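Each chain carries a letter (A, B, C and D) given by its place in the written order, and its residues are counted from 1.
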Amino acid sequence: MSTTEPARKPRGRQFFANPGPTNIPDSVLLATAHQTVDFNDPNFIAVYEACVAGLKRVLKTQQEIFLYTGSGHAAWEASLVNLLSPGDRILILESGYFSLSWAAMAQDLGLAVQSVAADWRRGVDLAALREALAADKGHGIKAVCVVHNETATGMMIPLPEVRAALDATGHPALFLADTISSLGSLDFRMDEWGIDACVGGSQKGLMLPTGMSFTGVSAKGMAAHAASTLPKHYFNWTNMLKRPHRSFVGTIPVSLFYGLQESLRLIEQEEGLENVFARHTRLAKAVRAAVQHWSGNNGPQLFCLNPARYSDSVTAILMPEGYDADALRAVALQKFNLSLGGGLGPLGGKVFRIGHLGDLNEPMILGTLATVELAMKTAGVPHTPGGVQAAIEALA
Amino acid sequence: MSTTEPARKPRGRQFFANPGPTNIPDSVLLATAHQTVDFNDPNFIAVYEACVAGLKRVLKTQQEIFLYTGSGHAAWEASLVNLLSPGDRILILESGYFSLSWAAMAQDLGLAVQSVAADWRRGVDLAALREALAADKGHGIKAVCVVHNETATGMMIPLPEVRAALDATGHPALFLADTISSLGSLDFRMDEWGIDACVGGSQKGLMLPTGMSFTGVSAKGMAAHAASTLPKHYFNWTNMLKRPHRSFVGTIPVSLFYGLQESLRLIEQEEGLENVFARHTRLAKAVRAAVQHWSGNNGPQLFCLNPARYSDSVTAILMPEGYDADALRAVALQKFNLSLGGGLGPLGGKVFRIGHLGDLNEPMILGTLATVELAMKTAGVPHTPGGVQAAIEALA
Amino acid sequence: MSTTEPARKPRGRQFFANPGPTNIPDSVLLATAHQTVDFNDPNFIAVYEACVAGLKRVLKTQQEIFLYTGSGHAAWEASLVNLLSPGDRILILESGYFSLSWAAMAQDLGLAVQSVAADWRRGVDLAALREALAADKGHGIKAVCVVHNETATGMMIPLPEVRAALDATGHPALFLADTISSLGSLDFRMDEWGIDACVGGSQKGLMLPTGMSFTGVSAKGMAAHAASTLPKHYFNWTNMLKRPHRSFVGTIPVSLFYGLQESLRLIEQEEGLENVFARHTRLAKAVRAAVQHWSGNNGPQLFCLNPARYSDSVTAILMPEGYDADALRAVALQKFNLSLGGGLGPLGGKVFRIGHLGDLNEPMILGTLATVELAMKTAGVPHTPGGVQAAIEALA
Amino acid sequence: MSTTEPARKPRGRQFFANPGPTNIPDSVLLATAHQTVDFNDPNFIAVYEACVAGLKRVLKTQQEIFLYTGSGHAAWEASLVNLLSPGDRILILESGYFSLSWAAMAQDLGLAVQSVAADWRRGVDLAALREALAADKGHGIKAVCVVHNETATGMMIPLPEVRAALDATGHPALFLADTISSLGSLDFRMDEWGIDACVGGSQKGLMLPTGMSFTGVSAKGMAAHAASTLPKHYFNWTNMLKRPHRSFVGTIPVSLFYGLQESLRLIEQEEGLENVFARHTRLAKAVRAAVQHWSGNNGPQLFCLNPARYSDSVTAILMPEGYDADALRAVALQKFNLSLGGGLGPLGGKVFRIGHLGDLNEPMILGTLATVELAMKTAGVPHTPGGVQAAIEALA
């Protein structure tokens, strides 16, 4: 979509069905609108410490956590520069655009990258991972990197099975997981699953604006950190541990902590973390029911062909041959004020995505699906009408 | 619904499909969050005057306007106490709960009330109005009071036809119109239609919080005011004209003016007033298409039986015999975070209402309709499934 | 100040030292920015009921309370029309502009008004009240009306002494008190002081935007209400008691309740009501110390000449002969972004006022006083420099 | 201050006189409370591009600008990793805590650091800079790094003189300037002064929350970037130029752009950038007048002993021997809700700092100074009373 076209003048609330950033609840948004305070003020420190403790509960970890003023990519970079040394080899499980991006980052930082290739529509074969690990007799692989939930394809990789592959082969590599689009939406258990470093951000399941990211780090990870020699300062955990807040280098983004405090209250006290997961599962099923209904008569279809790995936080939808996903998205946005996610990298124009993570409920999902159907009708995209009806039935 | 039951813990944004107050756009809401200023501050006065000018454009009047810190009922009372004297007789066209309430208010204030009765599902017969006026040879009727859009029944009364009846009979009565749920949603033309006093509020088509209401007054109305002897002070137009702002008695609610300034910008500059009306018409048709679809097989049906008077800002829906509207509303609210309007007065439990005025778009309406269908399914209310589909077709 | 002059382009936060409305704390302001909810929603009702209970604690009453969408003048009118009948006589203790306004309102509403005159700088002589009551053998006086804290002159009338005068003379008149600029700032005890109806508003000590006012009513007041015949509907307590919320006629201004909930939390939980009073006393002394210092060498002086009646929520300051208060206020506002209150009625141009009620602390008061001194210097108003120093000493 | 002590329960607005982050104007704060939007949405892109253009005007540059989700330290790191290669030598002009921190960062990243030492109270001798440059015959110094305004000591380094030293010696080193606490407060001219990379952040003169930082880069800088080999990805300008926004790696913090748009409007349209500078100069003089007055009788004194280098955005104040700055700060914060900056590094406990940059005016500065004096009195810190009076005179 050209940036020179005249801007729309939308009315009514924009429906934001992009997989990230996500809808921010009003109470969280207003909590972030907090006047400046000194980050050493005791009143702020009480808020700060409660937030760190809450984040650990959401990560299901009792180990270290380091926070960054930065986006998810900042935490990705932090996980690499703090754990590894120049020339170290890492093994990345291919899942889609974001696994490729993490690999590209690693290469930029001077690491060697080995991949376990995958069909993006079916997901990585974990037997291939076991083989790769078993073949690495010399333990040249220093870390295995997995995107828990690939936001670009709507596919989830079962992390316990990755752990099992490491254990089965007795491979000592660090286990790094990107939880950016799963944390607070899908079940994630850092300590139980033996994850050494996990990467999360503020702007997905935590329902905050973009601007803060973090890594959980295991004791094994901290030991690896001590030996790491990649140059680092802004992301350096050792520097952070010397500060009173035991995190951050430089100024702390206080406003996001006031938001996070409210967000954790919503997640833990208003709804309950396990109920949050159940809601995501319920709403995701409705989305898939609609898409599967539409797919008849050469309609758009689920990109993910592996039901065991359906993502409950984002659904990627493959357009019928010859129809442009971005043209459909433009109709949805400009005529109906519905923002859908686009296809990334090689999926550009072929796929659109419905984000269904964060602050969502039945009317929001049904309104989104009904409007997608209205947009398909308007744009002349073939589909079997009645997807919303299928979704209603899935929810009833 | 008992107030002692445990409060819900809703997630996702509440869908507010109540006919008033209405959804407040984010930019309006934040504009109202304005720190206190002196209402005599020149900076505020510039905002104030721009708002008054804008309100006149929305009312399509070049005559007087008086504002009140108060709800719509305050402006109702202002219109009566400023124009009439104890014992004066007024003629009210029955339209539903709100016409009855205005009549009750008039009686409390010491006026005599004559009604033109009506079948609430078909609306008042304007021939009966003409007869009543013609019969009033002595011109004992001092004012004719009409609710432009009856929020309780979802019916619109054609004001030009009321004017025509007055003109045809040569009756000198003042013409008072309640535009509370029509202003900024349905076409309204104070001066062209010869309305002497119209009553509006902040919390409907102007998309503001409850708290400010106003009356437009014609020159004929001002002349009647000069002769009026009902006791008044807080609502007294004469007192207001002596103040620098030419309105209000007491402190001015400055925060609502910052909101109104933004609201007028949205209505006039972002969308255009005539486009606002067209959007209301389009969305209302979708709502009615859904209800008419549901109504097969003993489903709920449109309360209004007169297509010429369908309201484009609110639809009242009559439940099938034996099904409780409030039970359905409780399911929608507690399970799905959708707030529907209830039946008022004699329609309590029999009718539920969908407000479709103010800051709305296709996804919001379709999400509302889909969730009503989901709630009916959940609550076991008979209906023909597929109402949303019908709405999508109406919108395409 | 002409409204046609070009508006200032102020920078930095405006200092709002007007006696009302008052500064709104950020957390209250953001709480009021609450999306619309149905006022019958159980979640809202829980907030509503907690607010009503909190208001009663602040009023120190266990009797009735009625709320209005309206400003303080609305509650004034409500107190009169609900308690009295046409032609009833009331006795108003003169205190300044606001006592005169209440009297004018009573006259507009058809009541007879008797006054106890007073020197505005010294305050009413309560012996004169006792005499007036004693002289009223026939108990023609139906109500005694007192402004607890006269915002226009910065003077407080001791309500227990008014009660004592009623008791001493055995006079059965109702006791009405305006607590608008005292509630939540100065000690006020409705039940202990035997007040039959008190009038309060949202925009002073409760630190909310203008838009809601209320009256506490004693059992004796409710009995009088039953006999009252002044016409009323919008303010009618009998109508209100029939509603589920037992208050309001028409739509309830929900957003102000979310603000009030936060405001009560600040007053009762963060600070404590008695601490709020102590803070007002402390800051008021600092203001008076500054003014008394300035007054040397023909400087501005305290308008109130009776130390026993100094108001701890607002100080009126009399300009030296020949110097215009509004010119000084214009300098403060336009050059330094400090908003001071003006003189009202006959005090216009002669007096300016510093409001020191609500959300204030030492830096705000000292910044205000220092800027007043800077403005006097800039505007060439004679004064003894060093008023801030005197205030610092008073606070130390 | 221990974090376990009971949190204060402050009332009234906190006075934030910390040198950074700074007070956020209400309109900026509410603008940042913007619901999530897709950063590829044309409506957002219009806002984004206007902000980038505005930032360039404030930097007085027509060259490149790169933005980061990150704090000021992120932009520091970006300036180093994008311009330099492992082992490169840089020359840092010592100014205080922040110049030391930048040097420490450079060392962590594998650079060699040479310093021009300085007396922190008098500031670096630029003759020593010229000597160091002249001595570097082999041009081993790749970059000269200067903190324009040292926030820790309240001293400004004249950048044109640094440029002159480079020119006079014909030294080809890149010229890097940290403008974090000067941008938007003190005059800064990137292009005119021949700066190759400047580092700025959102949370100072731009009056935004912490979370975004940026670097302006000259053509010479871009050429150096092409040859740079320090590992980088999150901060990599080459990666950024490939993106549609020509900046950022990863998600863009959209909410800060809505705030920046408003902040630029305030700076450029409401006040005018040159007027902003003049206001900072005026207020800074008042602060110094107060401190100089206090300093008599062994009171606290200006830390900076070089009047030509007084900072107009922050003043560091040296306590009398034997008095703890942090104890004084604790009194100011806990008793009077005034937040002052502390001493950093070796100045801890010895110095406190008053930030006077960003959204400030006369009442805020005078309130701050008066409360510092009140706190000194309360804490028993020796001083000559009357500092506020001196400030008032400086402002008159």
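Going forward, contacts are C-beta pairs under 8 Å (C-beta built on N, C-alpha and C of every residue); 3 or more make two chains touch, one makes a residue touch a chain.
Chain-to-protein mapping (UniProt): A, B, C, D = Aminotransferase class V-fold PLP-dependent enzyme.
Quick caveat: nothing in here was measured; it's all calculated off a predicted structure.
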* To do: Would you pick out the chains that touch chain A and also touch chain D?
  => B, C
* Decide which interface, B-C or B-D, involves more C-beta pairs in contact, and give its chain pair. => B-C
* Inter-centroid spacing, chain D versus chain C (mean Cα positions, whole Å) -> 45
* Structure fact -> Rounded to the nearest Å, the gap separating the Cα centres of chain B and chain D is 54
* To do: Could you give the separation in Å between the centres of chain B and chain C, each centre being the mean of its C-alpha atoms?
  => 34
* Sequence positions of chain C contacting 2 or more other chains -> 10, 13, 23, 26, 30, 33-35
* Of chain D, residues touching chain C in the complex -> 9-13, 15, 23, 25-26, 266, 270-271, 276, 279, 335-338, 359-371, 373-374, 377-378, 385-386, 388-389, 391-393, 395-396
* To do: State the interface residues of chain D toward chain A in the complex, per the touch definition above.
  => 1-3, 5, 7-8, 10, 13-14, 16, 18, 20-24, 29-30, 32-38, 40-43, 45-46, 49, 68-74, 76-77, 86, 104-105, 108-110, 201, 203, 209-212, 230-234, 236, 239, 244, 248-256, 333, 339, 341-342
* Structure fact -> Touching chain C in the complex, chain A uses residues 26, 30-31, 33-35
